[in-house]
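Single-structure report; data block below.
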Amino acid sequence: MPTSETIAAPGTGNVSTNETMKALVYGGPGKRAWQAMPRPLVRDPGDAVVRITTSTICGTDLHIMKGDVPTVTAGRILGHEGIGVIEAVGPLVSTFRKGDRVLISCVSACGICDLCRKGMYSHCRTGGWILGNTIDGTQAEYVRTPHADTSLYHLPADADEEALVMLSDILPTAFECGVLNGKVQPGDTVAIVGAGPIGLAALLTAQFYSPAAILMIDVDDNRLRVAAELGATTLINSADGSAVQRVLALTGAAGVDVAIEAVGIPATFDICQSILAAGGRLANIGVHGAPVQLHLEKLWDRNIAITTRLVDTAAIPMLLKLVRSGKLQPSKLITHRFALGDIMKAYDTFANAAKERALKVILTNPVNT
Amino acid sequence: MPTSETIAAPGTGNVSTNETMKALVYGGPGKRAWQAMPRPLVRDPGDAVVRITTSTICGTDLHIMKGDVPTVTAGRILGHEGIGVIEAVGPLVSTFRKGDRVLISCVSACGICDLCRKGMYSHCRTGGWILGNTIDGTQAEYVRTPHADTSLYHLPADADEEALVMLSDILPTAFECGVLNGKVQPGDTVAIVGAGPIGLAALLTAQFYSPAAILMIDVDDNRLRVAAELGATTLINSADGSAVQRVLALTGAAGVDVAIEAVGIPATFDICQSILAAGGRLANIGVHGAPVQLHLEKLWDRNIAITTRLVDTAAIPMLLKLVRSGKLQPSKLITHRFALGDIMKAYDTFANAAKERALKVILTNPVNT
Amino acid sequence: MPTSETIAAPGTGNVSTNETMKALVYGGPGKRAWQAMPRPLVRDPGDAVVRITTSTICGTDLHIMKGDVPTVTAGRILGHEGIGVIEAVGPLVSTFRKGDRVLISCVSACGICDLCRKGMYSHCRTGGWILGNTIDGTQAEYVRTPHADTSLYHLPADADEEALVMLSDILPTAFECGVLNGKVQPGDTVAIVGAGPIGLAALLTAQFYSPAAILMIDVDDNRLRVAAELGATTLINSADGSAVQRVLALTGAAGVDVAIEAVGIPATFDICQSILAAGGRLANIGVHGAPVQLHLEKLWDRNIAITTRLVDTAAIPMLLKLVRSGKLQPSKLITHRFALGDIMKAYDTFANAAKERALKVILTNPVNT
Amino acid sequence: MPTSETIAAPGTGNVSTNETMKALVYGGPGKRAWQAMPRPLVRDPGDAVVRITTSTICGTDLHIMKGDVPTVTAGRILGHEGIGVIEAVGPLVSTFRKGDRVLISCVSACGICDLCRKGMYSHCRTGGWILGNTIDGTQAEYVRTPHADTSLYHLPADADEEALVMLSDILPTAFECGVLNGKVQPGDTVAIVGAGPIGLAALLTAQFYSPAAILMIDVDDNRLRVAAELGATTLINSADGSAVQRVLALTGAAGVDVAIEAVGIPATFDICQSILAAGGRLANIGVHGAPVQLHLEKLWDRNIAITTRLVDTAAIPMLLKLVRSGKLQPSKLITHRFALGDIMKAYDTFANAAKERALKVILTNPVNT
């Protein structure tokens, strides 16, 4: 169970002064605490240190809390999403300076290695998803962000931080892994399996391409209701095991052009592979912990594509434009707000998402407090 | 075991006169005969009847003989590859006439339905792979070909039929399902698992895009030797189970850009999914009879794509140009030649491919004999 | 000036009985008449004869009336857009029968030739844009449509014909030549030069891809007002010659991602080439009668693409889905309605578009009249 | 006329010690000298200083010598191609160190700005083509290269420098602007207008995609002979003005799939636009100094694309792999070799290319001399 006992400081981590800050520290499966930690300093010349003003909690953080992510060890500060103000930069940082307001990408990218040059920032040879994973993260008053020039984004001073913090991870993830990989086209029939925050973010961003129908599949009627408000055209509660039959019935047995997997378990992947039309695309977003059975004996001749992707956040500049123009309204995903100092309570709420009707929870730590 | 007893005529099949012809008839698992059959006539207005001059045997025909393809019933004339001369056409046929020399696509396509208009001829609503499957096929003196206007291709009178009959199925299959789906690019590292005819055809056509390295993986050293002659840069005999380790060693642990599955069993699919680089493409060509385990717990964050496809033969016009220009030499795949009348023996040879060192076997039935 | 004197029957045209119908006949530059003509019959086996229930007039028809389209000769029935009911079909037609309600594509495509197989129906070797051009067209009570199977589209009996007749030409033209060729992407800045019906159709269909901004450029304030209602985010009246400067000012000197030319004269093409961002796409829709100066001395290093296209109408199935789902509302382009019998007056109105504030005019000829 | 008088040192340029080096200095139209210049030092923290071991002369350098490139001012050291050994690096450089052997890209790219992140390095907001243009270049014993991490490429110590120096500019230019923009596909018919070094480099790299035919068009029979050796399938001497007719005759009036403009004058652009097939791509590589007439009155309905591009050199890693694997042999473009100290003579030879039968000239400055 989550606790608030103090957790021993990590062996690896931040160069620090004697100054401290408060941070959410992982203490091994089921254990976390909001506690004093050394305040980070610039360590590598490409680093920035950012004072966090807005953060949030990701479904992945819950996976970490269950012990599902072995790269995260006890003592780690969690969090890979955030907005803040630059406190300090290393000598290699050329495009940011103290006082700049920035969006922090959940992916740190050097911009130099072969994989970064291909736009595959998630597999950067010295970066990738490291924040709140192999280095300390953003659920803290301060965070050190490596490769700042290619991992932070300028925001205007009057930015709507609640909305924009959704661009750290959840919106680029849903868009890149689900919508872009799924090649959603105008007129398509799209099914999204999983109406949690990530599935709903896929729902929002799939609409950039004007599909004719978006079928939302989940076991939670409340989440399906939210999906209807956010643009789903058909709601399917899959609790009774009839989702596949119903999708096939709705599509005249043809199946869907695009199936987006937004859960990460064999059962939901199975729905996706069973409802794909000939020529269809199955875009996996979910984080899987176990293998799945792929029915190649049925699919070998169906002209389908199955894709996976760790978000590259290459779409952040495009998403920023779409928020600015009003075409994308990320705050629709926000259900709860807490002060950063109440993050222990925020975790409790987010972990009981169904009961609390929680989607994304906002954590604020305004500069003037 | 294959037999040459006469097999009862099929319940469905061709409208025919009293004239007969010889044909290779499937008699249920393990049974086939070269026997007299009614000679086909035009039945539907879009049909052509073609006198076969060159044909061949496909790996799929061996699957049929094992009883693996339930749509093929006893009494069916096999074969979906062939070249011949038009004997008669129905009233809807506008671009072919009696006496024209034609290449027969293994896929019959109406050209009108929604899926044909998308170029997905393999899923034509009134066609697809039907020859030698749900209607009588090309291993016969005559064949009825539906949707002739959009399923046959004009050949010059002096065409090299041995070479061009490879364009009925094996070359477009390897190219479309393996090379195009695998998005082979100049400089890529490509692995092809399976050095049978289809894998070797992938090897030939992958070279259209100038990959830097092509690793050929098989258990048969003779086939690997052939692969070396046809352009493979590295040969890996996977009999000892070390193929994955060796590919990873050869690529500095990075894996391959493209893995082409050209066998159709879980073990070979497994090699493919284990050697993919981040951002890699796994293009499945093999006909699978069983599900496979897909290791999404390892692959969910690897930015990969897995594709399947039943050949559409949309690439036949391109391949014809490449043969004509000398860039593609399909006869490199031919190891044995028989008269069509010796097809029973040809099947024996082809079925013992390893021992006979057989790749593609040519069946000829010249007009002047 | 247009007249209503009877125009001599054309030398080429329709096989016909003695039955007559009324049709709009071109009589050479400036001359047209609504007059009795022989009623068309099936001539070629792939033909359908359609009783027109809804038609419209295209900007191209006005060009024809000015004598700008030399392939159209006196005696020709004009019109290449229409919806109707099948009256008769030839023996090759397999997917339509008498009584079917159909949308007529402005492009007739055989579906068989090499160019049709590439989806370039506009360049079909025995079709293309021929209706109301080299064969009699749709501004008549009846029309003969060649290649019916691949040039007509089924409509439900309760179809909204006014809306759907926009899918014969104007919407696929704007979408394929402007939006698809321009590769409009979410977040893009798009400029459309020309707010006539075709430019407004580009405006409607560009929104399928959620650009951040759409700048509409025209000399007519009324049309710009309509553009604002249809989704333009910025209106620029180019009458004062400052359009280029204003676009550059609005885009921080960067220029636009996509410029869509929807007029067809050197001055509007010139605006387009002057406002393109590095990496931008200039998609030409306009029918040009004269060469333009292309400023390669400025553009050679700007990483741009310029495209042209005669509409292929390959997008009609997609557009039908989008109308059905409510994502596309073509009736927004309709300003005037006439009975087909009043087509002479409809031409007058359409030819005085600015004064009449006319966009698309609907011509109706209901079955029950 | 070129001279070897000493040219006054430039107002802007390199921070330097008192040490000098020899360099080729532009002195205004027609004037150049190989003279002593201050040896460059690291100025900005992302700089490297490279001791040049191999360089070459580009057609663009000849344009500069004619005064055609106004951004180049008297006193500038020319040259934007080269290989060398790192002498010093600034504090921001993280992937190179003193002693590393490197290929210098002709384009300097920060890797951080919005345009670099789109892969459009040529339009980098603080880089682009600046070497030998707005800052001192590579035809010198030493050069300062900005944005070293994203503008230099590691080479092995035993690299074939003659071959690889072709990857600084000419090969990526021909490949990216000509072959990639032209979307050369297997089986295509490609015409290249201009058989100078850049056209021949397009010829070499077009073959990565196995076109069926490559027509080479030039006025110089010697260059056409070279083209035949490098893979051209048809040679057309356009001196008699019949090139367009001959291409149309050779293609059955259809025209070519891809026309690559590799000269940069209206006459050659005109050939390209006159020989394009419906659906064809015109890829401009040439540096144009004047506008061209674009015949939109003929092309508006031809479904064509015209592209321009300043080389991004994004293809250098791919080209390095292709050289290493033997698929690309850049030394075929080399005709003359000089010591760097004889560069004045090398310019004379290169400027009289037709008479000297010169293509690329190599300038060497080995470390051990």
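Note that the chains take the letters A, B, C and D in the order they are written out, and that residue 1 is the start of every chain.
In this text, contacts are C-beta pairs under 8 Å (C-beta built on N, C-alpha and C of every residue); 3 or more make two chains touch, one makes a residue touch a chain.
Remember, predicted model here, so these are calculated numbers, not experimental data.
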{"item": "Path length in steps (a step moves to a chain that is touched) from chain A to chain C", "value": "1"}
{"item": "Comparison of B-D and B-C (more C-beta pairs in contact)", "value": "B-D"}
{"item": "Whole-Å gap between the CA centroids of chain B and chain D", "value": "44"}
{"item": "Multi-partner residues of chain A (at least 2 other chains)", "value": "317"}
{"item": "Touching residues (chain side chain D, partner chain C) in the complex", "value": "115, 118, 120, 122-123, 181, 264, 269, 278-279, 284, 286-297, 299-310, 312"}
{"item": "Chain C-facing residues of chain A, complex", "value": "185-187, 207-210, 212-213, 233, 317-319, 321-322, 324-325, 327"}
{"item": "List of chain A residues in touch with chain D within their complex", "value": "45-46, 91-92, 94-95, 110-112, 114, 117, 119, 149-150, 314, 317"}
